[in-house]
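Down below are the structures I want you to see.
Next come two complexes built around subunit A: one with subunit B, the other with subunit C.
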Partner chain A sequence: MQAFKNKGDRLRIKKDRIFYGFVIFFALLTVSPLILIVFKLVREGIGQINFDFFTQNQPNTFQAMVAIKNGETIPGGIANGIVGTLLMVVLASVMAIPVGVLTGVYLSENQNSRFASMVGSISDVLQGVPSIVLGVISYLWIVKHVTNGYSALAGSTSLAIMMLPLIVRSTEETLKMIPVSYKEAAFALGVPYHRVILKVLLPSSLSGLLTGILLSLSRILGETAPLMLTALGSSMINLDITQPTSAVPLLIWEFYNNPNMVSLIWSSSLFLMGLVLFFNIIAKRMAKKWKIQ
Partner chain B sequence: MNGEKITRIILIFAAAIIVLIAGGMAWSLLSGSIPAFKEFGLKFIISTDWNPTEGKEVYGALPFIAGTLLTSILALIICFPMAFSTSLFLGEYFKGKRVAGILGTLVDLLAGIPSIVYGLWGFYVLKPFIVHLGLNQNGLGIFTASLILAIMIIPYATSLSTEIISMVPRELKEAAYSLGATRREMIMNVTLPNASSGIVASYVLSLGRALGETMAVTMLIGNTNVIPKGIFSTGNTMASVIANQFGEAEGLKLSSLIAIGLLLFLITALINYIGKWVMKKLY
Partner chain C sequence: MNEAIISIDSPLLSIEKVSISYDSGNPAVKDVSAGVKKNSITAIMGPSGCSKSTLLRAINRMHELYPNTQVEGKISLDSQNIFEMSPIELRRRIGMVFQHPNPFPTMSIYDNVIAGYKLNGIKLKKSRKDEIVEKSLQEVTLWEEVKDALFKKGTFLSGGQQQRLCIARALAFKPDIILLDEPTSALDPIATTKIEDLLVELKNDYTIVMVTHNMSQAARISDYSMFMYLGELIEYGKTKILFSNPVDKRTEAYLTGKFG
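And then the complex of A and B:
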């Protein structure tokens, strides 16, 4: 203990303590927004969530105005947004998952080929493209040339391009972890290549694949910007993929910009955040499990 | 043709789709922005005029480029102490402990909150707070947008640098302790020099995220098409001008917005490439 009586040493220990306090303080400060946001959404939004919220279409401005005047809760719900979100997410998955998984298989099977490494880098570039630019692209491709107007198809195209690189990388990473002996055993039994992929590689990496897919879904569920340029929105439930369609984030944007309906933003946001975090948590849990196995 | 060949062709075909999408994107953005560049030339990038009045239409991207860079870099600066402390908390001080698991999960969840929800929270909670502090009059502007951006990129900056910090070999740390170093001295002299390129890479990649963020920034930056005079004045970013004005745009204006999209695409691709390059040097 003699050394600690030295003035320089005491200063060093003091500095160490201060640094530790600094780390603890800022680390705790980091999570405070999460707690504040969840608290705010639950407090403001939970009162509006009822059966109608899930089954009725959005109210029009007049209904909302009358309700506010009489001091009632605003009628209606966000069913048109929920159905639109489901429609576009399913459509995007149908487009992105097969291409993404097959590309991931290609990349993991041809690790030394130059074309494969080029595809890998291109997929990384795609992953970094801002979602609003994907909206512009989908506008130029689908809105202008395929559906000749805003449509669910255009919205889901931009979402699909967003999902693709995530699925490619997660498929590739998971497949790389599968022991080569599995594949060799199958080939030794004379199993044809496509059946090796379908019956050996994909099933044994299933949970890794699902993790990637769920993560990419949680990424696209809350996307607003690309849908503003492509799907536009609709006040009715729409199942025609060539027509404008609403989505929960689009509804939030609409409510936010309409002074009469602005109080609906909290319940819709609570629902959207709950949905996204639900997918997110399940995916992360599966990812952890997959790593342990 | 045998089955194996068909399987290989299907796989290559899927990979080729990715290349086609990326190539098609570049081509569409380029051809869409040609009218704007033909009209204004390179002045498009350095001009500050944005005037959609018919007859004397002039478009320049500089206010938006400046706004984008300013908000993103400010966000990175604000996010640094928090992300840095969190990664030390998770990867060094409480590595493997239960409390680190909980904090790590919570930080990950920050990445799951949709951009528009951040925007709403920023508008209804952060903005009044900024006004209350007297930082600026209506609470909207570069600083408010950067603050919300900083919160949004924390999880990206944290996750990679935590991983790198926790990978620093135990022997090196023990050697420092055996020489009588305090924990802070060990972190400063052993952990950080070893993890520096990984930490830099994680901040560069977070910068890439911040550049393209749209909704939350649109709701908080004030949307004025001028070069911001300071960090408390209003401005606009490339992503938000597209989100705000794309809907009613036609002709030259549409082309100018697509050109801004192209510039944004190039800037983010460059930043991500630098980030990936630093990472590759690491492994």
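And then the complex of A and C:
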């Protein structure tokens, strides 16, 4: 430690420590919102979460009012929202995944093509389109002309458009990382092009594809604005895709607008955030575990 | 007739006036003609960038992967023009092994061996598949090492084992010719020796054309050697003669380490 005796060295170490302290401080600042949110949601929402919360439809204002007056927890749950969200997310996935994956394959296979790079840029722009605008468009296309009324189909269409660019780019990026040698190995065995894609490239990039899909799902799970214009909401469980349907974020908005239902906001938000975090964590895990050597 | 290039009697594979160019610019391979003798090992040597791999890849039409590549001239297998054969038929008869071992990462060892059948959608009976897998792995002396782990991923094997697996994958089709593109350049010396011994063994049943960076490898195992320089075939002859008594000055310079 002889070297550190000198004054310049000690000053330098001091500066180092101060800088280190700053870095830690800002790192804590970055994670603190999430911690505060989780803390608040759990504290306010956990009391409302019970078996009924997942199996019962939303209560009406009268039930909520009575419960509040008697100092009880509000009866009912958000089953209609959970089912609606699942229905629309599945429907959106069915629409977006095949289109997105195939577009991603096209982009990664034709990196020098002008048209492909145009498609790529347009898909990037699509990602920047505000979700409310997608809601408006989906209203115009589906609500007005296909289902002639608010519907789950219209809701999932807007969600599918939101998913598309994420899936396209993640598919493209994953496929680009697959060494060209696998492709060549398959070609050298006489395998035709479409089979190389389907049987070699896509399976080898499965983890990347699934990660992209899960991240895009967690992105749309909480979307509210486009659903307001398209799915509208419903107080009952609805499985008919041509009918108005509820969703968890729509319910949160509804509860917010009803002074009697405030405590349901916290529990629904807790549930929604839990779901999104769950998808996120699975996606991260999967990306790690299935990594191709 | 160029005296530096010998002609082969009744060649299994014959390359006639082949030129290959990328992006219609300067040809990478210029007017190469050569025959390949059956049941022999033919080595293609030359300094980096002399287009030896480019020439090799023309033999099983791998260039079709890249639409900007143009191949002129004629290549025939058993006096059949390869450009008139279907790619699948051609590649069943001419297998290829690459520089870096590339077993399919999603497949087991077993599936990797029969990947050519599987990926082409050719249905085989279980017993036939077992037979092909065992035979091919035995041919590459991998059977004893992996027979208890056939359903593990091929990527768990060592580099040398992976490369032998890749050779087995090519052999599973019972090809006439196996093309190897610097098959040992990514391997350690022990694995390299194993592959070299294996190739010498395999030439009894197959015809081998290999690109190699490694002169001594060519000298050790090949029967015929080609020396390419700047896209041209400079010299082609029996390995023993070419190494001991090269005709062309450039071959001599390369062999004595003056460039390369």
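Operating definition for what follows: the second predicted complex is superposed on the first by the 261 of 293 C-alpha atoms of A that agree within 3 Å, B and C clash if a C-alpha of one lies under 4 Å from a C-alpha of the other, contacts with A are read in each partner's own complex, and residues count from 1 in each chain.
Keep this in mind: a residue touches a chain if its C-beta (ideal position, glycine included) is under 8 Å from a C-beta of that chain, and two chains touch if they have at least 3 such contacts.
In this text the structure is predicted, and so the values were computed from the model without any measurement.
By the document's definition of touching, of the two partners only subunit B reaches A:139; subunit C does not. Using the contact criterion defined above for the overlaid structures, shared-chain residue A:90 touches neither subunit B nor subunit C, since it reaches no partner. Of the two partner chains placed around the shared chain by superposition, subunit C is the only one that A:204 touches, whereas subunit B remains out of contact. In the superposition on chain A, A:46 contacts neither subunit B nor subunit C. Measured by the number of subunit A residues touched, the leading partner among subunit B and subunit C is B. In the superposed model, A:187 makes contact with subunit C only, not with subunit B. Contact with subunit B, but none with subunit C, is seen for A:36 once the two complexes are overlaid on the shared chain.
Of the two partner chains placed around the shared chain by superposition, subunit C is the only one that A:179 touches, whereas subunit B remains out of contact.
Annotation: subunit A residues 192 touch subunit B in one complex and subunit C in the other. Against subunit C, the residues of subunit A that register as touching in their complex are 179, 181-192, 195-196, 199-200, 203-204, 206, 292-293.
Per the touch definition, subunit B reaches subunit A in the complex via residues 3-4, 6-8, 10-15, 17-19, 21-22, 24-25, 28-29, 32, 81-86, 88-90, 93, 103, 105-118, 120-121, 123-125, 151, 154, 158, 182-185, 187, 208, 211-215, 219, 239, 242-243, 246-247, 257-258, 261, 264-265, 268-269, 271-273, 276.
Taken together, the subunit A residues at the contact with subunit B in this complex read 12-13, 15-16, 19-20, 22-27, 29-31, 33-34, 36-37, 40-41, 98-99, 102-103, 105-107, 109, 115-116, 118-119, 122-133, 135-137, 139-141, 161, 164-165, 168, 192-194, 197, 218, 221-225, 228-229, 249, 252-253, 256, 265-266, 269, 272-273, 276-277, 280-281, 284. Interface residues of subunit C, counted against subunit A in their complex, comprise 60, 62, 65, 87-92, 95-96, 98, 100, 102-106, 115-116, 118-121, 155, 166, 169-170, 173.
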